[in-house]
Amino acid sequence: MIFSLLGGLLIVAGLVFFFGAALGLLRFPDFYSRMHAAGKGDTLSSLLVVIGFALHELHDFSSFTHDWPTILVILKLSAIVVFIFLTSPTSTSALMDAGWEDGVEPVIEPGRPNVLRDDTEAR
Amino acid sequence: MSFESFAIGVGVALLVLMLPAIYRIVAGPTALDRIVAVNIIGTKTAVLLVVIGVVFGRVEMFVDFALAYALLNFTGSIAAARYLHRAKQAHAKTTAPPTTGKPAEP
Amino acid sequence: MNAKVSATIAVIITGAVLLYGVADFPDFGDPTSPANAGVEGGAPSASLHFINESYKETKVPNLVTSVLADYRGYDTMFETVVIFAAGLAIFVILRNLRSDDPLPEPLPATEDRFIDGDHQRIIVGTTCRIAIPLVQIFALYVVAHGHHSPGGGFQGGVMLGASFILVALGGNLRDALARLGEDTFMRLASLGILIYAAFGLVPQFLGRNFLDYGVLEKIFLTDGPEMARSHSMLGVEVGVALTVMSIMFAIFANLSSRGEMRGGL
Amino acid sequence: MILSLNIVLLVFLVVAAVISLGVKDLLSGSMVLGIYGFLICLLWAEMGAVDVAFTEAAVGAGVSTVLFVATILNTKRRSTD
Amino acid sequence: MADQFPAILVLAPLFGALLLGLVGDRDHRLCLPVVAASLGTSLYAAVGLLRRVLAEGPVNYFLGGWEEPLGIGIVLRADSMNTPVLVLVAAVALLVACFSRRPAGARDSEKSPQYYTLFLLLCTALFGITITADAFNLFVLVEVSALSSYGLVAIGSSRRCKIAALNYLIMGTVGASFYLLGTGYLYLSVGSLSMPDIQTILASNEAAASSRAVRTAFVLMLVGIWIKMAFFPLYGWLPNAYSYCPSATSSLLAPLMTKVSVYVMVRVMTGVFGLDWIFGHLGWNHLVVWFAVVAILAGSILALAQRELKKMLCYLIVAEVGYMVGGAWLGDAGSWGLTGALYHILADGLMTLTLFLAAGIFAKRLGAIEIGDLSGLFRKMPLVSVGFVVAGLAMIGVPPTCGFFSKFYLIRGGIESGQWGYVVALLVSSLVNAVLFFRIFEIAHFGKNPPEGHAHHGESEGEGHEAAIARVAVPAHALAPLLLAAAGIVLLGVFNGPVVDFLRESLPAASAAAPAP
Amino acid sequence: MAEFLWKTIGHHFNFWVYIVLLMLGLWATIAKNNLVKKLMGLSIFQSAIILLYVSIGTKEGATIPILDHHGHIPSESHHADVGPEIAAHGVANPLPHVLMLTAIVVGVATLGVALSLVQAIYRDFGTVEEDELLREIKSLHPDG
């Protein structure tokens, strides 16, 4: 029961983070900031939701010692968590870089110099 | 409220929260915005598969291909990123698209 | 413009015909529809037989696997042949065997791995290097565990193929081809179907029909034809996985490099 | 089958199909076709067709988008319609 | 051994293809013996099957041993309708294999193992299509045949063959998908995929038989098959695909693909839905006959307008498809139209084979692409001319050849069902064929040297010199198939009686009381 | 209200959407000018057919067609505690799934061949737009 409750809480938290990511995707002005919102919020929310369901699967403490099929499921769910944690940031990074290569300009506050561009050109 | 209907609710909520991503696909000024949205929907698909498994009460079956999804769904994004790199290289090399049958070798 | 108008007319006619047919459809999700339970007053449909009897006849809990690899194994064999034919067709269409300029002989490793000193390659390459063995191991699990959970030859084969595609995307095509060369994958593709067909052929030599795995109990030394069917299905799935893996990678390798087998995506 | 998910997914599916056919940038189009693949995979999982969904997952996520991108690299990115 | 014939028939070319896939590129000389051996085995099995059907009636072969209950496994079924087609496929494939000793555009000769592998896969698929009794299995095999033929078409060296192949691919996929869709509608309404099973259900269950879904299923399957066989409004892919591909490919595809599709249509009509259902529940068989009339006339007229030999033959195929579709849909009391259509499958297979082989030889040895290039043909290669003339006469419908008898049965069906438009179209088409072929014969016999405009085609030694029209040597491996096919045309015509009797055994309406038109 | 909507729309909603998708795909296959776009249409067209088949095999309240390790129909399904005929209604129909596995793989194979043809056409003609291809062919063969 306690695991189920905890799991539910994590899932709700994940939904809240995903809502944040969605909002960011909707409202942010340029590609980079949208990517930032999407990348972080998306990864975190996915992790939280999957962990939440994993906790729900783990009905009580005795599952640890007896219920081998359940433990297998939990392990696989943890593997999903690990892989999302591995792949999602990678693709975010790759895309960010590709955007930079492609020449997508970040929105810079008026009056501020575009430090990033200068950096790369200097390099 | 059973956990099953809670899971259905979570599933529908995830789908509805995909709407901004779909808006980004429609509106997204650049191709990259669209790819970002694809990335998000891809990750969420893996999560939704788990959710559907919970609703069916047979997570042990669904978790397999949620796992496959988690492993594979960055292939598309990486391919797109690679494409942008390659296209830039080809562009830097020659402004016209290659028509002579020679590949765009780096 | 003319083409668009005529296309629209053709599509609307098609849609009208389909709508005409849909009016008589059984309800969505109706368990007693003809497809699910057989026509009224007739024999029960084949699917009921599969659900009720196939575990007794084949000892495979995953009904899709047992129907795919046993009851309709002939279909599945030709499905694999379709993939094989596609691989050959792509080879025939795109592969350029007479490249005028010779292969740019081994490039220096740095230029190979980090194009223009590209640090991005490190991130993607490392992730791929971590992910690829896991994908492959998991794909083998999917092939082998297809009797008890979703999965089987096609899924595992596509994942194996995708793992080699990931090698090419994370490093470059030459790395991938070094692991699975062109000669190898074209042969593996034939070998996969050959494994499949051999499982069908052996029963013929034992006096039964093609693909009648039950008679293989004499070879597998199982107790009863059911387990023989189950084991044969595993063998068949391995064959399918081999072919699918090879051809998926072959398609990618040809398409990404325009049949030159170098450079590419 | 899960009816509420079913209906939402079907609507999304049509939207994704329309977008992927309507976008003039072929790279975007093929990525949106990837989304179409994700959604249809979910749809099949939700209708109980796990093996079909698994195949679509492997094919849609691992192969078909990459094939489109490879072709676009070797041809042109812009489409006139 | 004898009861394994249905499986051996399909498996022999498959194993041949796999063998070539494994070791073919080690030694290219291995290809032809493997192809010949596997197709020879198939031919042997087909003839054996024919004799068995002749002796003991239809043969069922249960794959995987799943006999009971019907419909859980896949059944192969050989009866008097499809065994002649099987023999035809095997014989034509063997002849073409012999003809294509050096295949596939010289530019890509290092791809010949792949070419032969695809060739064998195509044969596998055609055998499978013809012998299967499962509606879905048919789709899978159609896809095998389609994918291998895309490869075979696209292997050609001309630039346009790629476009033709893509067009073919798109149309072919749409056609196969329509067939699949129809199968889905049918499965949804009767819950089975096995052809005999579906027929029993439709015959016994009035509710299923009269449902809209079944009618839609029939229409969809039919449209799919029509696209595959290039029936008139849907023929657009055929002429380019068949005329820009290498001649070995076109002489395999042209005689077999459309004919096997026609066979599939007849199979779907008689073996799945049943003639009673079609002519009882659907009121529009006359409409289809009129479509066929349009197809025949349009094909003939378009053929008249062509200057290239292969293109002209392609449009003639479109017209011939019209013959067969019209004959199958006549719905006359004695099923003479259907008989004629089935007989014409065999006849047209042989005629088309001969013509395309001849066209291949002309293109290779004389560099003759257009009809005008054929001048002096009769003196340049007399033996080839004999085959060509026989096939041409058969296309026109001159008595001792099989072309005459198929037209005879078709016209008899047309008269008995009162479809005068169809009869007239057949006669007009024969007239057009006569005009076409006698024009070619005239050029070939009396023709002078080619006009200046075509001089660039002249790659062979026999052309371009004013004085002597020297004989052009034709190697035996190209000549023998042609002559054998021409002999087949005559033999099939002479022995039309037993063949037709055999074919009519399987037609339900031929023996039972005829349905009301 | 919801009941009414479900009765009128829900019963056939899948089938309607499949028709919409199929028409979209077919239209794009025929009418689009860009060859790659055509192929996208083709793959949507094929997936619409798969949607039809999978919808046919669906049963309300049924679980996935995988039995438990002892060959019993899993207890989560709603019909498990009754006779075999009814219990079978608790498992989705496996046959369409098998058929559609075939169709998906066939679809990928066709897509691969088609894309390779597109690349070959681009290599030869330098364009993948249909109208430009037609113009090119016209200029090559003015009469044909």
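When the chains are written out, they are named A, B, C, D, E and F in that same order, and each has its own residue count from 1.
Keep in mind that, in the parts below, contacts are C-beta pairs under 8 Å (C-beta built on N, C-alpha and C of every residue); 3 or more make two chains touch, one makes a residue touch a chain.
As the structure is a computational prediction, the values presented were derived from the model and not from experiment.
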Fewest hops from subunit A to subunit E - one hop per pair of touching chains: 2
Partner chains shared by subunit B and subunit F (touch criterion as defined above): C, D
CA centroid of subunit C to CA centroid of subunit E, Å: 31
Distance from the mean Cα position of subunit E to that of subunit D, given in whole angstrom: 38
Computed distance of Cα centres, subunit B from subunit A, in Å: 13
Separation of subunit C from subunit D, taking each centre as the mean of its C-alpha atoms, in whole Å: 19
Multi-chain contact sites of subunit E, meaning residues that touch two or more partners: 136, 140, 143, 147, 150-151, 154, 162, 165, 181, 187-188, 193
Where subunit C touches two or more other chains, by residue: 18, 22, 25, 29, 33, 35-37, 46-47, 50, 62, 64, 68, 72, 75, 79, 82, 85-86, 89-90, 93, 120, 124, 127, 131, 134, 142, 149-151, 154-155, 159, 162, 165, 169, 248, 251, 255, 258, 264-265
Residue list for subunit A, restricted to those that touch at least two other chains: 83, 87, 90, 94, 97
Inter-chain touch pairs (all): A-B, A-C, B-C, B-D, B-F, C-D, C-E, C-F, D-F, E-F
Subunit A partner contacts - residues on subunit C that touch it in the complex: 120, 123-124, 127, 130-131, 134
For the subunit B and subunit D complex, residues of the former touching the latter: 8, 11-12, 15-16, 18, 22, 25-26, 28, 31, 34-35, 37-38, 41-42, 45, 48-49, 52-53, 55-56, 61-62, 64-65, 68-69, 72-73, 75-76, 79-80, 82-83, 86-87, 97, 103-104
Complex contacts: residues of subunit B adjacent to subunit A: 3, 6-7, 10, 13-14, 17-21, 23-24, 30, 32-33, 35-37, 39-40, 43-44, 46-47, 50-51, 54, 59-60, 63-64, 66-67, 70-71, 73-74, 77-78, 80-81, 84-85, 88
Touch list for subunit A against partner subunit B, complex: 4, 8, 11, 15, 18-19, 21-23, 25-26, 31, 34-35, 38-39, 42-43, 46, 49-50, 53, 56-57, 69, 72-73, 76-77, 79-80, 83-84, 87-88, 90-92, 94-95, 97-99, 101-102, 104
Footprint of subunit B on subunit F - complex, ascending: 63-64, 66, 74, 76, 123, 126
